[in-house]
Every structure is written in C-alpha cells, then in structure tokens.
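For reference, chains read A, B, C, D, E, F and G in written order, and residue numbers begin at 1 within each chain.
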Amino acid sequence: MFRTQYDSDISIYSPEGRLYQIEYAMQAVAQGSTALGLKSKTHAVVVTLMRSSDELSSHQRKIFKVDGHMGIAISGLTADARVLLKFMRNETLHHKFVYGSDLPTGEVVSSLAMKSQRNTQRWGRRPYGVGLLVIGYDGDKTHLYQTSPSGNCFSYYAQAIGSRSQSARTYLEKNFKEFPELGLEELVLHGVKALKESSGKETLTKLNVGIAVVGKEQKFEILKPNKVQSYLDQILQTEGEIEIENENENEKDEEAETLELKLD
Amino acid sequence: MFRTQYDSDISIYSPEGRLYQIEYAMQAVAQGSTALGLKSKTHAVVVTLMRSSDELSSHQRKIFKVDGHMGIAISGLTADARVLLKFMRNETLHHKFVYGSDLPTGEVVSSLAMKSQRNTQRWGRRPYGVGLLVIGYDGDKTHLYQTSPSGNCFSYYAQAIGSRSQSARTYLEKNFKEFPELGLEELVLHGVKALKESSGKETLTKLNVGIAVVGKEQKFEILKPNKVQSYLDQILQTEGEIEIENENENEKDEEAETLELKLD
Amino acid sequence: MFRTQYDSDISIYSPEGRLYQIEYAMQAVAQGSTALGLKSKTHAVVVTLMRSSDELSSHQRKIFKVDGHMGIAISGLTADARVLLKFMRNETLHHKFVYGSDLPTGEVVSSLAMKSQRNTQRWGRRPYGVGLLVIGYDGDKTHLYQTSPSGNCFSYYAQAIGSRSQSARTYLEKNFKEFPELGLEELVLHGVKALKESSGKETLTKLNVGIAVVGKEQKFEILKPNKVQSYLDQILQTEGEIEIENENENEKDEEAETLELKLD
Amino acid sequence: MFRTQYDSDISIYSPEGRLYQIEYAMQAVAQGSTALGLKSKTHAVVVTLMRSSDELSSHQRKIFKVDGHMGIAISGLTADARVLLKFMRNETLHHKFVYGSDLPTGEVVSSLAMKSQRNTQRWGRRPYGVGLLVIGYDGDKTHLYQTSPSGNCFSYYAQAIGSRSQSARTYLEKNFKEFPELGLEELVLHGVKALKESSGKETLTKLNVGIAVVGKEQKFEILKPNKVQSYLDQILQTEGEIEIENENENEKDEEAETLELKLD
Amino acid sequence: MFRTQYDSDISIYSPEGRLYQIEYAMQAVAQGSTALGLKSKTHAVVVTLMRSSDELSSHQRKIFKVDGHMGIAISGLTADARVLLKFMRNETLHHKFVYGSDLPTGEVVSSLAMKSQRNTQRWGRRPYGVGLLVIGYDGDKTHLYQTSPSGNCFSYYAQAIGSRSQSARTYLEKNFKEFPELGLEELVLHGVKALKESSGKETLTKLNVGIAVVGKEQKFEILKPNKVQSYLDQILQTEGEIEIENENENEKDEEAETLELKLD
Amino acid sequence: MFRTQYDSDISIYSPEGRLYQIEYAMQAVAQGSTALGLKSKTHAVVVTLMRSSDELSSHQRKIFKVDGHMGIAISGLTADARVLLKFMRNETLHHKFVYGSDLPTGEVVSSLAMKSQRNTQRWGRRPYGVGLLVIGYDGDKTHLYQTSPSGNCFSYYAQAIGSRSQSARTYLEKNFKEFPELGLEELVLHGVKALKESSGKETLTKLNVGIAVVGKEQKFEILKPNKVQSYLDQILQTEGEIEIENENENEKDEEAETLELKLD
Amino acid sequence: MFRTQYDSDISIYSPEGRLYQIEYAMQAVAQGSTALGLKSKTHAVVVTLMRSSDELSSHQRKIFKVDGHMGIAISGLTADARVLLKFMRNETLHHKFVYGSDLPTGEVVSSLAMKSQRNTQRWGRRPYGVGLLVIGYDGDKTHLYQTSPSGNCFSYYAQAIGSRSQSARTYLEKNFKEFPELGLEELVLHGVKALKESSGKETLTKLNVGIAVVGKEQKFEILKPNKVQSYLDQILQTEGEIEIENENENEKDEEAETLELKLD
C-alpha cells in the first residue's frame, strides 16, 4: 500500500530505479497551460496561451523577462515559477554587476538545473512543479532551453509544453526545418499557428495570447496586445476567419498593462 | 489509506501532479467570511461581512490597513492573516524608511506570494489558510490583487472570496464593466450591493459590514460605522426597506472603535 | 484510521480545510476551570473559580498580574499559561524599560497571538492548551480580550471561558448592556453573580473565588480573600443565604497569601 | 490503533483536549517510592521511604539538598530527578553568586516548572518522569511545593506522592490543621506517622527512612540515621512495639554516610 | 509489507546485509543510455549513444570534459551527473590553482567515490542515480574508471554501462587483449564497433554518437560530428553499408555545437 | 501492533509510566559477561569472566583503568563501554589538570549518570547498552558503584552484573557482612569464589579471569595473569582440584599483555 | 510486522536487548571476500582473495596501506572501507605531523572503534558495513586487530573474515601455535595456505591474491604480483600442482600496478 509503492517519497528509488515523485511533478507541468518556443539563427520566440480563471480576472501572465537578453515562458505551478524567476534574475543581475556583461543563457539554465536537482534528492522538499522554456540571445547565437522538475535541461530547435502541447509539437515538427533562416515576423507567425493547433475550441485573442521575442538587435520584449492582435489578424486573414473583438484596443491595452503583476 | 492518497503531506505530489494540501488550505479560505473588492480607475474598495462569534463580542475585523496607500480584506484563518499582515507592514515600512517612498502594491503582493509558496514546498509546515484581497493606489493607478494559500496572486477588476462569495461574484460579473469610470460613492455602493447578494438571511448593519477605500487623493481608510450606515441606508431606501437599528450611533461608534484590536 | 483522519498532525489540513489539532487544543480550554471577564467604561474585572485538587493544597491561582495596568485570568493547562504569562511580562517590562511607558494591552495581546499562531503551523509542537482573558486599562480606555490556542484574539464586552461557562455567558448576555456605565463595585458584583451561575453545586468562598480589577486610577489588583468575601456576602445577603465559614479570616488570609506561587 | 489513540506522541492532543503522554509520565511518579512533606509556620519537613533494590545495595537516597535554605524529596525516575536537581542547584548558585542572597524557593520552583513544560510541548522529548516535593524557608516563611511532569506546580500545606501515598495523604488530611503551630519535633513525628500509614508491611528503619528539615534558624539538613532512629523509637514506644535492629548504630551510620552518592 | 522489506530506506540493512536502495539506484544506471570506455597504453576513449527525446531536440550530450586531461561519459540521471561533474571540475580547478599541476584522475575519482558514499549512509538523501566512466591521462599513463551510486569505483581495461551494454561488453571482452598496443584511430574504431553491438535497431549517426579521447599529447577532446562521421564511415564501408544522411554536414555541425548546454 | 505497544521509541511512556526501551537496554547488560565488585574499608575489587569469541582471539578485556584511583568492570556492549570510558578519563584528566587533585569517584559516576540519562529522553538515540561497576578510592574511603543504561547509579557493598550473575550475588549476599574488615588478599579471594559460582561449566583460568584492585596505598591495578593464577590456585587447592594448564606461564603472560587493546 | 520486529531502526533495542541492525551490518561483512591475518613475534601478514567483477576489470584491491607501519585488509562494502581508510590515514598523518612519531596501531584502532560506534547509536545513519583486519608494527611488537560494524575491536593471534572464512579459520586454529616463532616467509606461506582452504574452486593466481606484510625492519608493503606468484609457486610445488598461467609476468605486473586505484 504505502511506501512499498515507492511513490510518496522523493528520496526513495523504486526497484526499477525510478523516482516517481519526479514523474508526478512532471504531471503538474503537463497539466499547465500551453507554452511553446522556437528559434531561427537570429531570433527566439515564446508563445503562450493564458487562461483566465474567471471573467473578473485579468489573464494570468505566463511570460516573464529575466534580463535584457533573456526571458521565460512557463507551464505548471505559477507560484513555483515565481521562485525560479527570482533566482534567475538574481543570477543575471549579480553577473552584470560583477563582470559588466550578460550572463550567457546556458549558464543561467545550468544553475537553475542544479537548483532544481537539489529538490529531487533530499527528503522533505518537493521538486518544483513547473517547466520553463528559456529563450535568450548571447554570443551571437539564439538559445531555446526547456527545463523540467527533474533538474534536466535540454536544448531545442522548437518545443511545446503543457496541456494539449502535442498538437503544437506536431506542427513544429512538420515545420522546424524552415525556422533557422526565417525572419522574426515569420518565426512569430509559426509560433502563433502552432499555438492555434493546441488551443482547441478556445479562440485566440490579444488578451489570452502572450508573445515574447529576443534576438539580434532585439532586446527581450513581451509584445503589447495590439501587436499580438496584428499577428492574430494575419493568421485569421489567411484562414479566412475574421474575428472582431475588442474594438477599443488602445484603452484596453493600457488596462492590461496595468494588471501586470510586478515581480520584483 | 494513508499516503497512498497523497493528501496528508505538503511535500508530496499525487500521481496527477496535484498538491492536495494546498487545495485543502484553499477550503479554509472558502469557508471564511465573505470579502470582496472592486476598483475604478481612481479608487479601490473592499467590503466585508464580519461575523460576531457571540453577542458579547465586538465583531471580528476583517479589514486591515497595511500602509497609507494599501490595505487588505481577509477570508480564512484570522491568526494566519495576522502573520501575513505583519509581514506586509514590515515590508512597506522598511521600504519607506530606506527609499522614502511607498512600496508599490504589486511588489508587496509579490513578496507575500514568495513567502506563501515556501510553506507549500517544505515538509512540516502547513500553507497559510487565508486568502487576501489587497487594494492599493500607487503609480497613479489602482490595484486589486487576490492572494491564496498556494502562493499564487492574480490581478482582478473585481473579486469576491469566502463562503457564499459566488452570489457576490455573479453580481460583480454583471456590473464590472461599468466600474472603471465610476466615482468612489458609486463604487462603494456596488460593493455593498454585491455583499448583500452573499449575505443571505443575515441583515447588513453598520457593525457587521466593513468597508475600506483607497485611491487618488484618498488615503487608505476604514470607514466609520456611521459612514457605513449611510451607504446601507442608500441601498435600503432604494430597495424600500428601512432598517432602524442602533439609534444612538455616535456613542456606539466610539465603542466599536475602542474594541479594535491593535496589531503592531 | 491514521492520518487519513487528518487529526493527529498540527501541520495537516483536513479536506474541509480544518485543523483538528487546534480544535482539540480548544477542548483543553473548554475543560478548564471557569473564568470570566467584563468591563465598564472605567474598569475591567476578571473573576475565576479556583479548583482545589485536594484538601491539602491551597487553591490554584487562576489570575495573574502582567503589569500595573494589565492582568490575566486563565482556563486550561496552567503550565502552558505560565509560559505565556512570562512572555507577556517580558514584553511589558521591555517596553517600559525602553520607552518609559505602559505597553498598550492590545499590543501585548497581538504579540501573544502571533506567538500562539506559530505553534499551529509547524510540525512537532502542539498549540498552547490554554485560553486567556486579558484585562487592561490604557489610553483612557478599558480592554477585555480573549485569546485562544488558535492564535485568534477577540475583543469582548464581557466573556466567560472554561467548563460550564455557558451559564455565566447567558448571565452576561442578559446584563452586559448595563455594564458600560457601572461603577467598579457593581461591575464586580455582576462578575461574581455570573460566576455563581456557572459554579453549580460548588459553594463560592473567599478561597475558591479569585477576583482582579483594573481601571481608571486603579492599578491591576488581585483582591484579598476578605475583600472577596465581602462581595460574596453582599450577594448572599441579597439571596437570603448566609454562609458562615472561616471565622478567623485575618489569619487565614495571611496563610493564603503565603501560598501564592511566585512566578518570576 | 496507532495515533488514532493520540497517546504515543507528546505533541498531539486527543479529541477531548488531553495530552496522554503527560498522564502516563505521571504514572511513573505514581509508581515511585513514597515521599511526603508537611510544614508549620516555622519549619518544613520531607519524609521518604527508601527502597533497597537488593540486600547488597545501600538504600537509594530520595532526599537531596538544593541549597542551605531548600531541598527536595523525589518520587519516580531517579535519573530524571538528578537532572532537575542539577538544574535547581545551578539556579540557586548562580543567584547567590550574582545577588549575594538566597533565591526564593518559589522562583526556583517556577523555573523548574517552565523547564518541565518545555518537554511536554515538543515532539521527540519525553516529559520528566519524576515528581518533586520542594521544601524551603525564605522571606520568613516556610514553603512546600509539589512539581509534576506536566510542568504544573502547586503549593501545599502537606502532601504525599508516590505509590500507596493515599494512606499518607489521608493521615495528613486528618491532621494538617494542627501543623501550622507545631514545633519541629512534633512536625517530624507527624511526617513519620504519615509515612508509616503508607509503608504497609515494610518495617520502617533508620536505613530505609529518610528525613530532612528546613526552617527558621534551621539550615536544610538530612537527618543522620541515628537521629531518624530516635524518631522511629518515639513512635514505636507510643505504639508499644519495640524494634531492635542494628545495634551497632554508630559504626553503621558511618558506613551509610559513606555510601551516599555525591551529586555534584 | 513496509519496512519489513528493508528496501525503502537508505539507512537500513536487510537481514542479509544488503542495502536495497543502492541496488535500486544502480537500476537507474542500468536503464540509462549506453556508454563505453576503453584504453591503450597511450590513449583512452569513451563512446556514447545519445538519445534524442524527440525530433525537435538536439541530442542529449552524454560526454563532458572535466579538465584538459580528463573527461567523463555518463549513464543514468543526467541531472545527478551534472552535480557530480561540477564537483569534479571544482576539484581539478582548485588543485591546478593551488599546486599548478593536473590533479591525477585517480584522486578525483576517489573524492567522487567518498562523496557518493555519503549519500548511501544517511537517511533522507538518495544515492546519486548515475554511473560515470572516467578517462584521463596523467603520470604518463592512461586511466579508465567506472564509478557507481554505491560509492564504489573500479579500474577497467574496457567497460560498458547502461541499457543493452552487455552486447558491447561481450565485444570488448573478445577484443580487449589487443587494446594496450593500439593507436588512437584503431582504439576509437573498436569503441564504435562495440557501441554498434549495443545499438540494436538504432542507426548510428554523427549526431547520436558521442566520442571523446584523451592521451599522450592529446588533450581531452569531444570529437566534432564530422570527425565522428568519418569513423562511422570507416566501419560502414567495412561492413558494406553506406549511410547517406545529413549532406550539409558543416552547417549542421555548427548547429549541433550551438546546442551544447554549457555547464559552468 | 506498533507504537501501541509503546516499546519501540525511547521518548514514549507506556500507559503504566514505563519506558520499555530502557528496560530492553538493561537486557543487553543482563546478557553480558559476568562482572562483580566488592569492597572492604580499605580496598575495592572487581572480578570479571572474559569470554573468548574464538580460540584465535585473545580474551576480551572487561576491566579498564580510568585513573590512578579508579577503574571499571563492564558488562554489555563493549563498544558502548568504550565511549563511556573515554568520557570518564576525560573528566578525571581535566579535573587533575585544573585542580591538581583526583576527581572523586562519586562525581565521575554522577556525571556519567547524567550523560546516560540524556540518551533516555531524546528521540533518535538509544540508551547505552552497558552496565559498569566502578571502584575507586578517594577521601580515605573505598567506593563501589553500579551504573545502568537508565542513568541510575547506586552504591553497593558488593554487586554482580551480567549473565548468571545471580549465583555470584547469592554468594556475595551470604558473605558481604565480613567484607568491611577484610584485607586485600581475602577480599580478592571472595571475589574469585563468587565468580566461580557464576561460571558454570566454564573453567576459570588466568586468561579468562580478570581482576583489578584499588585502595589505600594501592593504585588501581589490573592483575597480571600469573598473579590471577595464584589466586585461582589458592581456591583450587582449597577445593582439592588441581588444574594444570599453561605451563609456560611467563611467556604467555607477556603475550597476553601484548594483546591488550590500548584505549586512548 | 513493522517495528514490532525491532530490526529496522538502529536506535531501537529488541526486548532481548539486541540491536538487529548491527547484526545485519555484520552480514555485509560475512558476505564480503575472504581476508585473513596472522602474526609472529616479528611480522604481521594479511592475505586476501580479490574478486574480479568481470573479465574487463582489474581485480578489486582489498588491502590498503595506512602508514609506513600499518595497513588493512577489508571485507564488506568497499565504499565504506574507503571512508574508514581515509579516517585512519588522517589520524596517523596528524600524529606524525604533531609528534613526529608513528601513531601506535592500537590507538588508531581505538579511534576507529569510537567512530564506528557512533553510527550504531543515532537514528538516521547506518553502521559501516565493513570489517577490517589491521596489522601494524610498533613498540617492538606486532599487532593484529579485527574491527567490526558494531564498534568492537579485538586483538587476534590470527583471524579470517568474509565469506567461506570458516575454512581458513580452521586452518589457522590448527597451526597458530607455531606462528609466534616463524620468520616472514613461513608466515606468509601459512597465510596463503589458509586462504587456499577458503578459496573453494577458485584458482589462486598472482592477480586475485593480495598479500601485505609489516614487521621488524619491514615497512608495510603490498607485495608485487610476481612476488605473490613466487609464494603461490612454493605451495603448488609442494602440492604437486603446477599452474602455468600468465607467462609474460613482468609486463602484466606493470599493468596491474597501473590499475591500482589511488586513494588519497
């Protein structure tokens, strides 16, 4: 019944050498909202679908800036992501203060992986229940990493995480060979199209879609809702669907911005 | 029976990636007294229904001032709220002392979320069993946040928490589109009306209703009972109901004030 | 059987969001000896029924002085009360030493509540098993607070705790509206009468009844047995009952005083 | 079966608000050898029945001096008493060193109670399994306190603890009203007679009876065996029983003294 | 059922003196991807099969450089390997800084074994779930060590670990007597052939095969994909199989390099 | 089944106030090899039966010197005795260094008792599984103490511990009244005779019998095998049994001495 | 089922006073490879049978040098032995550095025993799962000690540990009376013959037999394979068996040496 199943204690292996609690924590990521990332030689992009818990709430942000050259999209427990985000910001800030340069994306991801691993080895703490897609631009190259509760982190050409991410992944797999040579606009459009595949019956709007970009001569930037809308419009036009919602864009943009939760 | 159900240990995930103890802690909030908040472009308001545990007691306060530009309404375990309130006051006080300015509401909420998250990840501590509605005014904007035992915090246009809060939420959902442009008086009246929806058979009086406001050129202020009464009167008149209770208002106001528990 | 019942671990919520161990600790208070408090605008009074564990023992004191302007009556585990009393005395002493003034009653109670809350959140410590009625006079006002194992503390007009306190509470509820304007003598008499309601078959004597007062121009004072007797006499005369016990009062008073356990 | 019974963990309340482990620890006291104390206005006395584990052993001392004005008699786990005794001696020694005066008995007892209470609140330590009768003389008054594993301590006119102490207590209850005015000799004789009631078939001898006195112009003193014998003789003569044992008293006294275990 | 099986607690022996949790941790290694090592008198080589978790990911690196004269190939939990790798790098770096010379491979392995052993002896930590093949060149000799979760480390002529490693081991056992006198090229070819035995239906490509070498006048070096391909080609030609994949080698090489996760 | 039996946790009382783990630890002593002690007015002696685990081993020493005026004989877990011995040596050494005099035996025993008690009160440590007989000479008196896992320590005229010690105890009880006036030789002979009662079928030899003495003008001394033999001879002659074993005594003595394990 | 069996917790005694976890740890030693030791007046020798886990591995060393005058042979968990070896080396090194002389073997063994004992008394650590045979030469005497997981250590004339050690022990028991007067060559030959008794069907070769010696004018030395072979040859010739394996001895010796794992 109990520990014989080896699945209720992070510090216990099953007879097959598995750590079930890590696998369960990955479920927390798999149940999260969809997030995806992709990159060309010059730019990296993350696109997320934000859920609104009810009508009264502004949408929950799923994309956060780490530093000028780096940012993340999350899926899983937002409260855990907040902790990891603060860690990443401290790392980059400290590096910039001491060395006067950007901390390479790969190094931040590596530190994050070490931090995550610790919670998989000691009794009495649970692994972080969140997965991150980290995009960055440094050393004249673009980066896209996925981190997971296990403390693993892998480099990807393109990747999607969270619930229903398989459809997005299928889209990305079909198209990722074109990505390296694409310009930013085309790359974002691919990202939005991939998200659309995963969004099911939910209509994409400028308020529930989050997009962020980083790259050559492009600081990490979370796109404003009207910019997001313009991408949605391009896709809809292509698809012959016109969605007219939120006419008074500019005002609402202001509103949306207001609602952003500051994290530091 | 036991841990196989994964629900008696904060540091254990269920096979579906859920953390049951967080969900149970949220039940403590759901069982609390009703609290609601709403905001316009210029003002933010919280309204609460205070329960009196017996006739001999003064009503339990559910609204507390954090700083001149910020305050909270609570639902859940009052003793836990007390701890979080002290934390928030220390944060704002420290910031004011060091930087000479108000700590933005969003940053206090963010720190609070980090603090709450810690109790969801380590064995041997329970999550805080209280939810807060935080209102504030800074940066020429109004803010309304809801925090929860999970360490999550979201921004809302209007929100209600605690027992029977669904009725209040329904009211708010019907009307929140008008809120941004409203003046303070109208905003408060909406708040009181929403509370009335949730109060069921309980009669609203100046002693069991708590109201606090903050906004442009308006320091955070918990309204005096006679001020509360005037709002109740406006609603009752509208509704044709006249409730004449507590004639000797001024004296009793004094009394009520006396009973306020000082928190620091 | 076991933790599935969620009731044997202070750091675990039940699925309904309850913390059973706090509720059980409150039972320790409910099983304690009766203590009650009441206040007018100028005075606050606590009255307790002291149990004698056997004939050879002096009665257990249930009232303790905290400072010149403040004192407590207890119900529940005396050993736990001792710890909290020491804490309160340290707080007031420190404040007086640093600021040269009395620490307001509300602030001591608030600190006490914080201290009590801590024991409800960490594994491996039990909540304090005692409830306090705290009376004080500061800021030209009288105060009566009840604290509980949960870390909650409420302000009351009048309150009774401990076993059979319901009868006392009923008495208080019937009469509390008169209290604010009463003088000290009348207030004490109400307290003794309320205690009489709860004392059942046990005869009230100057040795098993404890009375303490504080107020305007009245330092906190535990009444001497002969003073207690005079109140008992007033009530008995009213009720036509004459109880003649302990004729050699003065000597025995000395004795009783001798037996008081010094606490610091 | 297990914790559902709430009785195997010191930090868990039962649903009735009881702490079973404290009650079990009190059983350890109740199973101990008999100890009793009594006091007049000028003297305080403890009398104990020492068990010899076998014939080869000297009798186990049950009375210990704390300071010149204070001493204890114990019942329960001797090893635990040793720890508490050392604590009391450190307290009095420190006070004498710092303030140049005797630490009042009540204050030592109060500190001891605090120390005992701590072990009733934290997981992983058991309560002390010993009860003490503390006698002292300071402030021109005599003191008799009983402490218990719960951290409680009460003042008594006379008291008996340990196995079969009920018979002694009955004797004391019958006679304690005379005690306040008695002289030392009479007081000791009452103590020995009370012990005789509890000793059942065991014959009292100068080697298994321990007596200590303290009082006005009387430093705390554990009586020598021949002095003990003289009290036994007085009682036996009264009762017409002559017990002739240990003829070569003086030598054996020396021996007994030799065997006393020094405690610091 | 439970601990009676002695297999869910690292700090408990079974009645036969076994530590099951160590054995389970070794299963985590046995389930890992294949890694093998071999050495001549002048060179040491590791060869790994990298799994790609999906098409969108670059292959997971399984070979890491520790220092100029030393490197590792891993099988098991990558996140744990990351921790051990960082430890090894710190050890060698510190030695070089203090003594100005390379830390001998054997000493690093010995420190690593001590570190691993600690996690097998204390409750609340799990053993590392990863095995390493460490190759190095120092003291004019080549070294090949295997470390395991138990804290054991052995020296080998040639060794293979991970899933399906038995086939590779069989190959190595057949041929290892030739190895000491071989040149680097021949040694690598033997390594690749051994890996081919274990790779089953999976086709070896320059992207899923990792090769690293170290030796006399040869710093530790992870071979570039086109260099890997040239070895694969030699084998395939021998075997009459031609695999034409990835024509635009140079470009993709760049890409692959880009994707390498930096570890410090 | 489990803790309901209250016997698997040192920090839990049974409902009868017993601490079973202490009782079980005493079993470890009861299962140990026999050790006995006795004393006259001028000398104290310990005698032990050493078991040889197999023929290849020298006999296990059971007697150890603490200081010039003090030594111990042990029964139970030798490894635990080693810890306590080191503690006693540190205590005496420190005292000699600081005060320039011998630390009285009673004080060392008292410190040891305190140390042993600690392991009976805290969860997670087991009580020491060894009993000591401590002999010493200081203050012109001889001392014999027995310590036990419970932290108790008693003074004895004579005492035997370990397996089959009852027979020795019976012998000692029959004869101890003569001991105080005996000379060293006679005292030792009594000790050896008592041991013989407990040794059953095992033949006493100079190699399996350990004897140590301390007293007036007699430093603590473990007797050499040939000296032991001389005592054995005296007894055997008395009893008409001649045991001729180990003819080449002098050489073997040397050997035996060589084998003594140094303890500091 | 569970702790009722008292065998899954190092800090719990069984009702018979046994510590099962220590007994289980001793099983880990009993399952280890065979190691034996023996000594004359001038020399001490250890002989071990090294297991090769597979053909590709060099044999696992079972003998380690501690210092110039001391070394060990092990049986049980090698990773645990490594920890103890490091401890012993630190002890001797420190002593040499501070006092300029060799730390006597007995003292190192005693320290080791204390260290091992600690892991048998505290919850959460397991006892070391390894037994050592320690040989040394100091004070003009030879030493042979056996240590065990219990923290016991005994002196032996000759001893064998590990699996099938009983046969070796039988050989030693038959012959140990001759040992004291033997020269080194004869002593080693006895050791190898004893090992042969335990080796069953396994053929002894210069690669799986380890021999080390220490003694008068003989620093501790692990014999080179060809030296080992010469002893094996002497025995085989005696027995009429000729084993011709490994013709190219010198080269392979070099190889074997290379493979030795450095431990500091």
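The rule is short, and it goes like this: a residue touches a chain if its C-beta (ideal position, glycine included) is under 8 Å from a C-beta of that chain, and two chains touch if they have at least 3 such contacts.
What you see is a predicted model; the values in this text were computed from it and never measured.
Following the contact convention of this document, G is the list of chains adjacent to both subunit E and subunit F. The fewest steps needed to get from subunit C to subunit F, moving only between touching chains, is 2. With centres defined as mean CA coordinates, subunit G is found 32 Å away from subunit E. Mean C-alpha positions place subunit B and subunit F at a centre distance of 71 Å.
Shared interface positions of subunit F, i.e. residues touching 2 or more other chains, are given as 1-3, 9-10, 123-124. Taken as a contact graph, with one node per protein chain and an edge wherever two chains touch, the assembly forms a single closed ring in which every chain touches exactly two others. From subunit F, with subunit G next, the chains follow one another around the ring as F, G, E, A, B, C, D. Across the interface of their complex, subunit E is touched by residues 1-4, 6, 9-19, 104, 106-107, 109-110, 113-114, 116-117, 120-124, 141, 145, 150-159, 169, 172-173, 176, 180 of subunit A. Those residues of subunit A that touch subunit B in the complex are listed here as 1-3, 5, 7-10, 20-21, 24-31, 53-58, 60, 77-80, 82-83, 86, 119, 123-129, 255, 258-264.
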